[in-house]
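Next come the structures, one after another.
The two complexes that follow have subunit A in common; it is paired with subunit B in the first and with subunit C in the second.
So, the complex of A and B:
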């Protein structure tokens, strides 16, 4: 990719619910650096603050207190005004959610959704059509799908479509929140492969959130293990998987069913 | 087409009901409607009768046997004739053909119903969607305002308002709408609150879609199903309320043909000349009943749990 891609840098991120003495820490991330073209995985069980962290990266933390810095390129998501954030969402940071089908409006055809989302970010007409076609080809979806409603496609197709949206918008940073947990095993592998390929081809900074070490071990360069809102371990994937420092990571690793061995 | 087809393919070579529709399947909408119609006979009958009533109302100037009787005409030599060959529904105290007046009355009633429901839905639904989606103080303010309106019995509120306003079709519409819109606001608010937490709304926010667009394009369209059902159920109620207002002399005035007004004018004659009351009364009953049956049918047809309960 020719244009330089902005990366994601998080410093001293703390997300709290409530105020003052009663404040409860939901997530804390001292440092995270996702360079363009790399994949960082955040691993932890449900309630460990993974999704909250992702939403903080989009500036979508209704009623929660966020401190620290989340830099996307030269924009600080924590302090940026709402207007700048709505532009940033989608066009620079895109989210691929854990339940692909329910994240599509049932009353809107996929093509309409694609067209409107692109138009929202100033991409219209022939350019928009070209982008949509390219993106669909990139995720290996038939353009015919654009005429369908969400209930007429499969979960795997819906997830590919969500990824296609991110690709069409040329998002620099893609946040994948348990992108495979709602899919069956064969489709899981395909979607992971797809994310991995797009990361390499488009130089996307990919943040993969999962409770499943087996999933992240396939594509992550760097792994952050979270528990109860705190980072218990962080390091290159090979180190974390090969020689885990924290007991909790060892527990998680022990819980992974070994596949294909 | 792609390697994800395993999730789509039906496990057995079952008929391809579950297969995704192709463009050609668009014509299947009509067939689906027909299948639905066959499943719910009462609703279908209701819909057909309503269609006939609407047609009779729209085409009254051409279909009615004595179009002049729809308003001013009087026939002093033909008063209170019983139902028969020349006057199927008989004539009223000034000799006007009652079939004609019932048909013209349908125009008035259906106009009032359509106007009241349009106003109520146009005011109530957007307010409810804004309240439900935004939440917080906005929701509190909007919902407390609707509560104030709902605190009064709707009919009393309408009667009071119609008394203040100059009696007529327009004031009847305003008077009834004032008591009616809060229900739509409340219903839309509840629905929108539920939709707010659905994945596609979060997804839209994550894609940078603005608040207003999310409400207009993602929340509103998904909140319309219960509104549609309610509109159909309420049409009967509005017709009853409008008949009640005109019965009290607060609605459309003579010589406008209006069912409630006709009942009121004929009530003294009921013992001797029953048809003067009976036919407009039956028209009210039939129309309100059909709307209710149709509404119930729509409710069950659009209910996502229908497949489980039937």
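So, the complex of A and C:
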């Protein structure tokens, strides 16, 4: 077995709004290492800086000041020119976003979106069709869905399709921003299982952002708890969930509903 | 389908309402149509004859019935000031107006949308390149100034009264500089040397179809100024609206996903946001179209353009009730048909819209 390669490494990341003395710290992450085939979860309430951190990993922090290093392979997202970033986005780092249906262009058939996204990264023709078919099968969607518009499919199907985009592009890193919060409970479980399976099968480095410890506890190997832009606690999932060091983590754990109590 | 039938029924109702209204209004126009028609020196016997000829003696419901069935048969009455059939008059005047309005609408789309796109792109920080220093290629102030001038230009185009613009442009470019002819549709001298054969009554199109190059040349030169004046408002409104609609689309969740999959800001605007934004734009275009038809009334006066507007104002000054009614019905018809077309096109553009 080959040693797990590191797909995403974050060092001394700080995201600020504004300049000079008025600058407000939105998110700070001293260190994070996401190896291929593992899942790291970033947990916190809204405003904790978890989504900002995620967007920084894509270089999509318009108007914010970002410092530190975010290495994807040997590319530093923080300093890379925009042109390198547009190539990196999608092909190496893919996003699965919060509201699956509204994240898909309402005037575009799913097949058109898939084709354009693949073509953007130089995959065209028969190869593109094969990639799309394989990806859809991988997320257990009927290829017939490619002929539909976003409003003609369910939320769960939309989220599976969003994941299929990442699979079709063979992204090393998948960033999932609250991927289940807009879905029904039963569909939530299925989407989580799907992400977990793809992580294992394709060796994807999965970063899962959620406000819900119950969600992340199912699939995360490592958990980072954030509050007010700072890391409160960080460690292997078993430790954080079993013996939380920070009071805030205990509060979050206490908020998780359990059966039979 | 239900939506379509409903819209058709609504349109029919609007037309019926307009027809009824024009009928009532023409009966309220001060002055005796028979006197206008027969002239001031007509004898009482002649007046009675004219009244009978114009159907003024009959009861009101009877007149309404005759008016409506006449409209349907294509008999729109006789114009009191040209003494020709109203429908004949309109069929030559309307195309001349549509020539102006058509140019304005084409310019609105061809110039207005790219202007809006440019404004939105600069506003979103387009043209920024990290490699070229802190201020980037355009510079922060450059971008703000670019977007600002797009907005200021469109604001100006929208707020200048069209008759003022027409007079100013005519005075500067035709009278002072002599770059373009002052007025008219084409040089009337050409009627002797190379008479124009009328097929569609759109002068430019007819000249093109029949290969009448002298008339085409003259017609195009005459068209430039009035068409530009007519286009000012549509271009301005469309630029503003498309800028706003594109900015709204680029803040939508789908735009973030598209950027996350490697598309640049400009690609997201042009390849992904333009289509969802074109729904509201299209509805706006229909409104602007109707508004331009009314604007044409003023522009045609200034440029002596033989269109519907000049026909209408001549009809109004001579209390020509049948002509006024005819113009009103035509404008209403154009408006209704345009709106129907917009609804249909919207269904094609946006898959969420069902007919």
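Operating definition for what follows: the second predicted complex is superposed on the first by the 252 of 261 C-alpha atoms of A that agree within 3 Å, B and C clash if a C-alpha of one lies under 4 Å from a C-alpha of the other, contacts with A are read in each partner's own complex, and residues count from 1 in each chain.
The rule we apply is simple: contacts are C-beta pairs under 8 Å (C-beta built on N, C-alpha and C of every residue); 3 or more make two chains touch, one makes a residue touch a chain.
Because the structure is predicted, anything quoted here is derived from the model rather than measured.
Peer 1: Looking at the combined model built on subunit A, do subunit B and subunit C fit side by side or clash?
Peer 2: On the shared subunit A, the partners clash.
Peer 1: I'd like to know which partner A:140 touches here: subunit B for first, subunit C for second, both or neither.
Peer 2: Once the two structures are laid over each other on A, A:140 reaches subunit B alone.
Peer 1: Kindly classify A:97 by the partners it touches after superposition: subunit B alone (first), subunit C alone (second), both, or neither?
Peer 2: Both: A:97 reaches subunit B and subunit C.
Peer 1: Contacts for A:130 in the overlay, against subunit B (first) and subunit C (second): which applies, first, second, both or neither?
Peer 2: The answer is neither, since A:130 touches no partner chain.
Peer 1: Figure out whether A:106 sits in contact with subunit B (first) or subunit C (second), or with both, or with neither.
Peer 2: A:106 sits against subunit B and subunit C alike.
Peer 1: Please work out whether A:81 is in contact with subunit B alone, subunit C alone, both, or neither, and reply first, second, both or neither.
Peer 2: second
Peer 1: Determine, under the contact definition given at the top, whether A:67 touches first (subunit B), second (subunit C), both, or neither.
Peer 2: neither
Peer 1: Contacts for A:160 in the overlay, against subunit B (first) and subunit C (second): which applies, first, second, both or neither?
Peer 2: Touch partner of A:160: subunit B, not subunit C.
Peer 1: Comparing subunit B against subunit C, which has contacts with more of the residues in subunit A?
Peer 2: Touched residues of subunit A are more numerous for B.
Peer 1: Clash with subunit B: which of subunit C's stretches 5-13, 59-67, 131-139 or 203-211?
Peer 2: The listed stretch with clashing C-alpha atoms is 5-13.
Peer 1: With the touch criterion stated at the top, can you tell me which subunit A residues are shared between the subunit B interface and the subunit C interface?
Peer 2: 58, 60, 86-91, 94-95, 97, 99, 102-108, 116-117, 120-121, 162, 165, 169
Peer 1: Applying the document's contact rule, which stretches of subunit A touch subunit C when the two form their complex?
Peer 2: 58, 60, 62-63, 81-82, 86-91, 94-95, 97-99, 102-108, 116-117, 120-121, 149, 151, 162, 165, 169
Peer 1: Quick one: which bits of subunit A touch subunit B in the complex? Just the residue numbers, please.
Peer 2: My answer: residues 58, 60, 85-91, 94-95, 97, 99, 102-108, 116-117, 120-121, 140-142, 147-148, 152-157, 160, 162, 165, 169, 183-184, 186-187, 190.
Peer 1: Within the complex, which stretch of subunit C touches subunit A?
Peer 2: Going through subunit C, the ones touching subunit A are 124-125, 128-131, 252-254, 256-264, 271-272, 275-276, 349-352.
Peer 1: Quick check on the complex: what are the subunit B residues that touch subunit A?
Peer 2: Residue list for subunit B touching subunit A: 1-4, 6-8, 20-21, 23, 198-200, 202-210, 213, 217-218, 221-222.
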